[in-house]
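Two complexes, one shared chain (chain A), two partners (chain B, chain C).
Showing the complex of A and B:
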């Protein structure tokens, strides 16, 4: 079982790969809309990647209002 | 379709539609790969009537207000129908708002009942704002886990009355719904829309784009949005068409739905349409050069053959693979909620996929003008719909002035805002605050806004005063939020942004610490409400005797600055 810290790291790694930003440039407290310059639709694409990576289903309502990596990781963690 | 001239209310028309089209499929609900529900109009009635009866038994009477805060799904439409059947007034709210914003609007609307779903209620019930909406008596929550503590709410699935509910008739002049065009900050703008407003809007729209049994509409825009309420509920139902709901709006499931359900119409906001365009362009770019040349030639042929009007069957044969990606039966994409760039509209039309582009406001229910595709014009928002009078007030030498509208679709006013209503509706004409002009062919073209607000590509209206609270107590002398185009008019409807005007204390400078403070506060706002830059102002803000900022005078002050150098990113 992953720890929240591991999950958060994997979320950051995947986001940096998917959106082509340097590894290590993202931090858990970062606002992903702002940091990645993405819109709500691109966020949905990122969620699909995360679901595949972690092998979970993350309903849209679970990520409603979430804009930082740490909270996103904790929502994922609760479904692992 | 039903002859709506015979009806007095939305409820009466829907009631007849359920009987007239009883064997047709009206709703399909899908969650990822799983089809959760498929209802005929008869099934819909069987689901809705026990709910209407329970509302009646609970004391819901004519004119009582009921709010719905739900993601798109069959229960949204079933609940709305039950409310209209019982004579209620619908208050559809945006499920994407923060819980306290939702409570603020619930209180403002005077809703005595709320229909919502468990994940939303889980957040709402614990929010601070709940204590203020004391008029709310009944809360119905769908899909709650068996063990969940509902904090005083009732289960939607168990809220069933026995026996036939009594239909409560309403007249055309009665209030049908309160729809918030914006405003969870200082001044919520609740548009009071009557049954006549909706009936007349539906007649106007279906005269250009008629629906019928066999039409399958993919509902993606939130149903609380005026467009989806009309095109994804009332419009299809009075025509016997089917509505498809997706519980997961991930791009891959949306793509799959087009072919799985052979979708004929879909409504999108410009942001999604543009994203679709980007995706298609990337796929075209990947074609080997020979195939790409062939493809370009076919697009050119299609373009030439559809110059005067769309020819769907022909386009589907010429550009089969593109059309198959959209399920092969798509007749048009309806786009709305915000301004769409002409090149995006043209891109789809050249592929043989007409885009029904138009112009409207919540204050006019949905649409005032629509492109009738005869011929397609990407550079305009079309001609006024039947029954809509549109005129340009105080035009400049180039013919551009404020767009004003008079029709039976105009709201009766803003809830509890007589002054704002009087400023907005003058002698029966709605002053839209948008700038436009008519071309020689009678098409309306838009050129920016006269008012201090923006509309995002996601179709969200944002008024600066709605977001100022987040900057309260910012350590500066004074601040004010503006739409950039309001300060420096661009004669454009794209790239709209909000800016924070700051007047610093004497000897204060714009430090990294201050920038970070603004950034942290900004990140608390939903992404589409955020400011994009800061403008520093050296002079005191002009104020009224009661010390309110004179926004117009301040705007004139700021307009003297050069936008290119005045706006500081952060």
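Showing the complex of A and C:
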């Protein structure tokens, strides 16, 4: 079972890899919309990548309004 | 080779395989222009049917198969008309969409949707007219219409109910959530999963297999197993139009059109 810290790290790694952001340049408290500059279609892509990576389903309404990596990771953690 | 290139889509026929490619920025929204070209596409069926074994519907747009109905066009067009004319215009549009989707659904050749990225609302309803759905692992399916105070209007509920259990229809419809390709395959919606960007290639490989079978048997088998739910489709049109008449729908459309939210399809 992953810890929340591990889950957060994997979310950050996945985001930096997928959106071509230098590894280590993202922090748990970052606003991913601002930091990654993603639109609604890319938000859905990120959701798919997270679901595929963690092998979970994360309903859209659970991440609606979430904008920082730490909170996103905690929503994922509750589904692991 | 026979082909057509329009403003929102193109199709080409070669050796029994018909390929329809949706190609409208940003995400193949289905509005009047795409509807008119889809009507042209199905108008060609009588000539194509004798020599067509398979039709693949796919998208040129990297981010998705189709985001659904063109809600911006719908809102701006509807806003110009008084209520009574607005409703008759919406009903006419929906009737035309149903005629096209029914023609694709009932085509005697085998139809395959090759899906990537977003497959929402009307786009999902188009995919549901197909016999098989091949989806890449980044595909997502949703019926987000309830956020607008509407139900899906392009035949989605009757077709999904025909193909899958009512419980899954309720899950999508009543929550408005999107489900990924793996989940869609687990419930039987998606026939085959593809790696990212590989849905069309796998659809073509599937088409090559389908083309080995006798055309009369293939068409008879399809007609036997895939009835068109005409009665439910008719009721869907009436319910859609009844719901569209409420002022809350125009208000919700306005909110959507003006939204800058990252998930504007959610209420």
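Quick note on the criterion: the second predicted complex is superposed on the first by the 80 of 80 C-alpha atoms of A that agree within 3 Å, B and C clash if a C-alpha of one lies under 4 Å from a C-alpha of the other, contacts with A are read in each partner's own complex, and residues count from 1 in each chain.
Keep in mind that, in the parts below, a contact is a pair of C-beta atoms (placed from the backbone, for glycine too) under 8 Å apart; a residue touches a chain by one contact, two chains touch by 3 or more.
What you are looking at is a predicted structure, and each value in this text was computed from that prediction instead of being measured.
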Chain B versus chain C as contact partner of A:80, first or second or both or neither: neither
First (chain B), second (chain C), both or neither touched by A:40: both
Chain B versus chain C as contact partner of A:59, first or second or both or neither: both
Partner chain in contact with A:49 - chain B first, chain C second, else both or neither: second
Touched partner set for A:27, first chain B, second chain C, both or neither: neither
Overlap of chain C and chain B interfaces on chain A (superposed complexes): 33, 39-42, 44-45, 47-48, 57, 59-61, 64
Chain C contact footprint on chain A (complex, rising order): 33, 38-45, 47-49, 51-52, 57, 59-61, 63-64
Chain B to chain A touching residues, read off their complex: 32, 71, 95-96, 98, 117, 119-120, 123, 247-252, 271-272, 275, 457-458, 523, 526-528, 530
Chain A-touching residues of chain C, taken from the complex the two chains share: 26-27, 63-64, 67, 117-118, 137-140, 142, 175-183, 261-266
Chain A to chain B touching residues, read off their complex: 31, 33-34, 39-42, 44-45, 47-48, 57, 59-62, 64-65, 67-68
